[in-house]
Amino acid sequence: MIRVAIIGASGYTGVEAIEILLRHPQAEPTCLTALPEECGQVAEIFGRLRGRLEMPIEPLDLDKLSRQADAVLCCLPHKVSMSFVPKLLDAGLKVIDFSADYRLRNAEIYEKYYVPHTDPKNLAHAVYGLPELFRDQILSARLVANPGCFPTGAVLALAPLLKSGLIKTSGIVVNAVTGVSGGGKNPSPLFHYPNMNENLLPYGVGTHRHMPEMEQVASDIAGRQVDLLFQPHVGPFDRGILSSVYCDPAESTTPHQLQQLYHDFYMTEPFVQVLSKPPALKHIAKSNYCHLYPTIAKDKIIVFSAIDNLVKGASGQAVQNLNLLFGLDETLGLK
Amino acid sequence: MIRVAIIGASGYTGVEAIEILLRHPQAEPTCLTALPEECGQVAEIFGRLRGRLEMPIEPLDLDKLSRQADAVLCCLPHKVSMSFVPKLLDAGLKVIDFSADYRLRNAEIYEKYYVPHTDPKNLAHAVYGLPELFRDQILSARLVANPGCFPTGAVLALAPLLKSGLIKTSGIVVNAVTGVSGGGKNPSPLFHYPNMNENLLPYGVGTHRHMPEMEQVASDIAGRQVDLLFQPHVGPFDRGILSSVYCDPAESTTPHQLQQLYHDFYMTEPFVQVLSKPPALKHIAKSNYCHLYPTIAKDKIIVFSAIDNLVKGASGQAVQNLNLLFGLDETLGLK
Amino acid sequence: MIRVAIIGASGYTGVEAIEILLRHPQAEPTCLTALPEECGQVAEIFGRLRGRLEMPIEPLDLDKLSRQADAVLCCLPHKVSMSFVPKLLDAGLKVIDFSADYRLRNAEIYEKYYVPHTDPKNLAHAVYGLPELFRDQILSARLVANPGCFPTGAVLALAPLLKSGLIKTSGIVVNAVTGVSGGGKNPSPLFHYPNMNENLLPYGVGTHRHMPEMEQVASDIAGRQVDLLFQPHVGPFDRGILSSVYCDPAESTTPHQLQQLYHDFYMTEPFVQVLSKPPALKHIAKSNYCHLYPTIAKDKIIVFSAIDNLVKGASGQAVQNLNLLFGLDETLGLK
Amino acid sequence: MIRVAIIGASGYTGVEAIEILLRHPQAEPTCLTALPEECGQVAEIFGRLRGRLEMPIEPLDLDKLSRQADAVLCCLPHKVSMSFVPKLLDAGLKVIDFSADYRLRNAEIYEKYYVPHTDPKNLAHAVYGLPELFRDQILSARLVANPGCFPTGAVLALAPLLKSGLIKTSGIVVNAVTGVSGGGKNPSPLFHYPNMNENLLPYGVGTHRHMPEMEQVASDIAGRQVDLLFQPHVGPFDRGILSSVYCDPAESTTPHQLQQLYHDFYMTEPFVQVLSKPPALKHIAKSNYCHLYPTIAKDKIIVFSAIDNLVKGASGQAVQNLNLLFGLDETLGLK
């Protein structure tokens, strides 16, 4: 059994990771940590774990953790994460980091959207944990930067087009709607139930931090600079991200050819399904699947992509990466 | 035009009162106050008022308010309210108070559920503002204690039975489910959207402060001590309270007789509708109506009652009281 | 009092129109009709009207209707509508038609998306009922084609840009999300509560009938052919359409200039609000307002637009048109 | 591997059973049937099974089924079920029946609430499949009547009280609120999304078919006739039943003694959790757990009970019974 520690276990991605690991035949949670004020018996903190796991969430004790675990899911926020990750790596642990701290290769871009980077050494060898595109590098990594939820949905939608050169690499629009769990567990006026219920709104116009992440990965795939506009919205539901991606074709193609391209591209992928009709968020809720539907309308190539932001967009993908890091069947715990 | 000040205008009952007054042909909001940190242009604070009202919410200035208003809707929380109400009354204003501070005639019971009462003088002449039962007293009042949302629904359901002596006055169960707006506008972990969505739970078991209020009013109506168990729940919707009230018959009766009793009792009431089938919350959302359905099953008399907690349970009822205080048609602004 | 008949009163736009007319000081519903199987007392059919209106919904009797009404809100579906409208006009009634039957000037385009047109005579003089853009024509019309809900939101978002020539007239993307009431009142598997709750999905990809309507009106405004891609989605809420409109600038501009353009364009409009931040559906629910926010990001001009599909997108706009047809203050019943 | 057929696989309990079996280490779905018009590839019918199961749902062929399966989950509606169950038993299959057809031992009561019973022979040996109370009989059964969803929640709440004689056996009130999936997958006006969203209502007053089922099982447990009033409500969420059960004490007790009683009673049960605070539906969603909270208020004993109607209230309990029928660990596939 792979022994897994979860740092920052008291949030939504934490409990999601715990639940997945409880179904995992070859990995188990052995150590859960959080800020002191959020510690306690896990079943008291997450009522849905009652009867399923008796374990405390405790303040982080690095020595203890390094004896109890082989790998760490680090569910800390950006900036905080990069102050812990070096110590975890130094202790010989494999680390899957949920924050943005190791996703942007270019520390200057990181600094522009976040803060100055304090761990450039490990940034240099971190691997972007999107298995469908970077599986080989993940297999031999020690530090995996688990992708952002929005980039996961958008990049899986765009990859076949970018790789094949079928679309122009500028003018791309990624219009996405996420469920409220994407905003984390901390109460706020906007996400107070009577304010968010029956509501839908755009936010982060032109400024969302997932935009440079998308552009970096998309550029890597395309082999040249990709410019895109990412526009997030939040809607009245718990889980899921629906991305509607609009691109200009670089050459003539047909819906049938698009379908073929996507089927070929993702043929062997266990968690990507290419549909012949638009996806629906409810079909991927609580699953690690990405549902894609590429098509053409009015001279635009449109790709719809649906994922669960907490599973394929976070903790499920992290366990998929964990499986790869330890040479296991990639789907363990996830099907 | 009656000039109305709203103190504590930045909360859910405040904005609801503003909207009702904007439709009122003979009353208008002239002064809105709140804590300094919640002040600003009203349309900035409540997006839904944009284009409909240009007025600031300002810190309370009693002198100014007393020049600008004839009446006050006091939407402050309990304990805070009774420190302002005496000053408002001394300034010659008519006051409709939304808090619990003037609802419980017995200061000892108030103290048990809340805090020591600091304004017994005005408590002595405050009138309980449920027009269907206490209209005559309201007409000549200076201080109206606007009823709690749960007591409004429950008392309207019980009154015909208590008045007629058809039920035993102990063993009554009031099982109620409220929408989340009943908990106010302050964010909290429980009412964070991803926690409350798809959820339903009981709370305040045996301890809810509306229980002694219900018992006092029910006892007044019955002419003797009424004992009841009030059990609130909160569910995943914005507005409305559905009360399911279970009573033991004191004498034999039939569903038909019950229907007749309720139709007679509420025949002239503009805001009470007696149905021949169970009510549904959606039908009373955003309205000042109470829908009632009395029936019999398995030797119990059951009455279902549906109101909007923010309208008939708060701001609508307050405007109904306001109309009475000023000798207007009771339904102005509310139909 | 203007006497208003509603044909097809048993649907969502019907009851919305009734509620608006009940608040209208100079118009009233005098005749409600529906298919025989949907007839009955209006308060039985719409629980929320209980106590507010006692009137039957009856099968259509044209003679009777023409004696009882001065104007008709015709809430019939497309194709059905054009078989009734000629008779209504012949009876001397003013007609506001909710269907698509009189919106597309070009009968060939109508036929492509719908069926062959059977009333070309009246099509020729019908006026498109978007007051913000075609007020003068509406004032003297006898037959108003009430706009589609999606076109209303999209066209109000695009009009200042098209009129000023600031954007290219091709490559426009209108990504819109509607609440479920947009699909009407008939039960279906997709809109069965447990299927639609916690769901979000695109539909009508490249084929939605509101696309040619948008293009026609946009082209009229621009003075030349406009090509746009309209992509609708449906999400888990009752009311509202949020449109996110992406355009390519035709010339250089700034966010500040855009704001100025929109403020100037809509300065005198009673129901259009130009915001300095993104709109939220909850703020326009149950209101006739359109909230707009134009801005620039990543070389795209983006305009967000929020309306209530049943009010500004249907019955509210119809009453706005009704007010214009009869020379009344355009906002009566709607503020 | 136990080979499991699901008859009536195209409904909500069908897909829930399939999903549970896909996680089951010693059982698998081998045959899925439905009415001809509901047949097709399972992943086409249930989008959430895409990539997880490739198998057709086919019209029932009894010969084929009896060769392909060891046990049957029969998800047919009442009345239909009893026309198939005899044939399944005759073919040597073990049957877990989801309908009401084999739950009411007294055929007269069955007939009063349903229709005349056509299979009294098998009714005589059917076992009521509530493992917490009838485990021994289930272990040796051939036909298990899977309990109704409401009775499961109510009986687990009442059993310790009835067994210990702590409450009076009349005057019990079971007030329950279910999610909409409890109404099945067929679209209807009431469960059309815009009608049910933001709604809550009582139904089946005094007439719900689960009432005699509760009374029968409660009486069995108490060893004498139990009379109770069961009042269901439906609320705006997908899953879960919250039961609030009100009883009159037969003797004096304390909240502490109640807690002790429940802890003792359910100490060894894998799926019942006794809480020290009220349960919340969200904590048991998609799980086979029942959360109970017994307490005392105002001279009433109150027990709150929360289950997922599709899991512990249907398909999860069925798999729990399946495990028992085949001598497996009762929790396989369910934790």
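Residue numbering begins at 1 within each chain, and the chains themselves are lettered A, B, C and D in the order written.
Everything that follows uses one rule, which is that contacts are C-beta pairs under 8 Å (C-beta built on N, C-alpha and C of every residue); 3 or more make two chains touch, one makes a residue touch a chain.
If you're wondering where the values come from, they're calculated on a predicted model, not measured in any experiment.
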| item | value |
| --- | --- |
| Both-way neighbours, i.e. chains that touch chain D and touch chain A | B, C |
| More contacts between chains, A-B or A-C | A-C |
| Chain whose Cα centroid lies at the greatest distance from that of chain D | C |
| Centroid spacing, where centroids are CA-atom means, of chain B and chain C in whole angstrom | 37 |
| Length of the line joining the C-alpha centres of chain A and chain B, rounded to whole Å | 46 |
| Chain A-chain C separation of Cα centroids, rounded to whole Å | 39 |
| Multi-partner residues of chain C (at least 2 other chains) | 179, 195, 197-198, 236-238, 279-280, 282, 285 |
| Complex contact set, residues of chain B against chain D | 171, 173, 175, 177, 179, 195, 197-203, 205-207, 211, 227-229, 231, 233, 235-240, 242, 244, 246, 248, 278-282, 285, 295-300, 302, 304 |
| Residues of chain C touching chain D in the complex | 12, 179-181, 185-189, 191-198, 236-238 |
| Residue numbers on chain A that touch chain D, as the complex places them | 22-23, 47-48, 50-52, 198, 270-271, 273, 275, 279-280, 282-287, 289, 291, 335 |
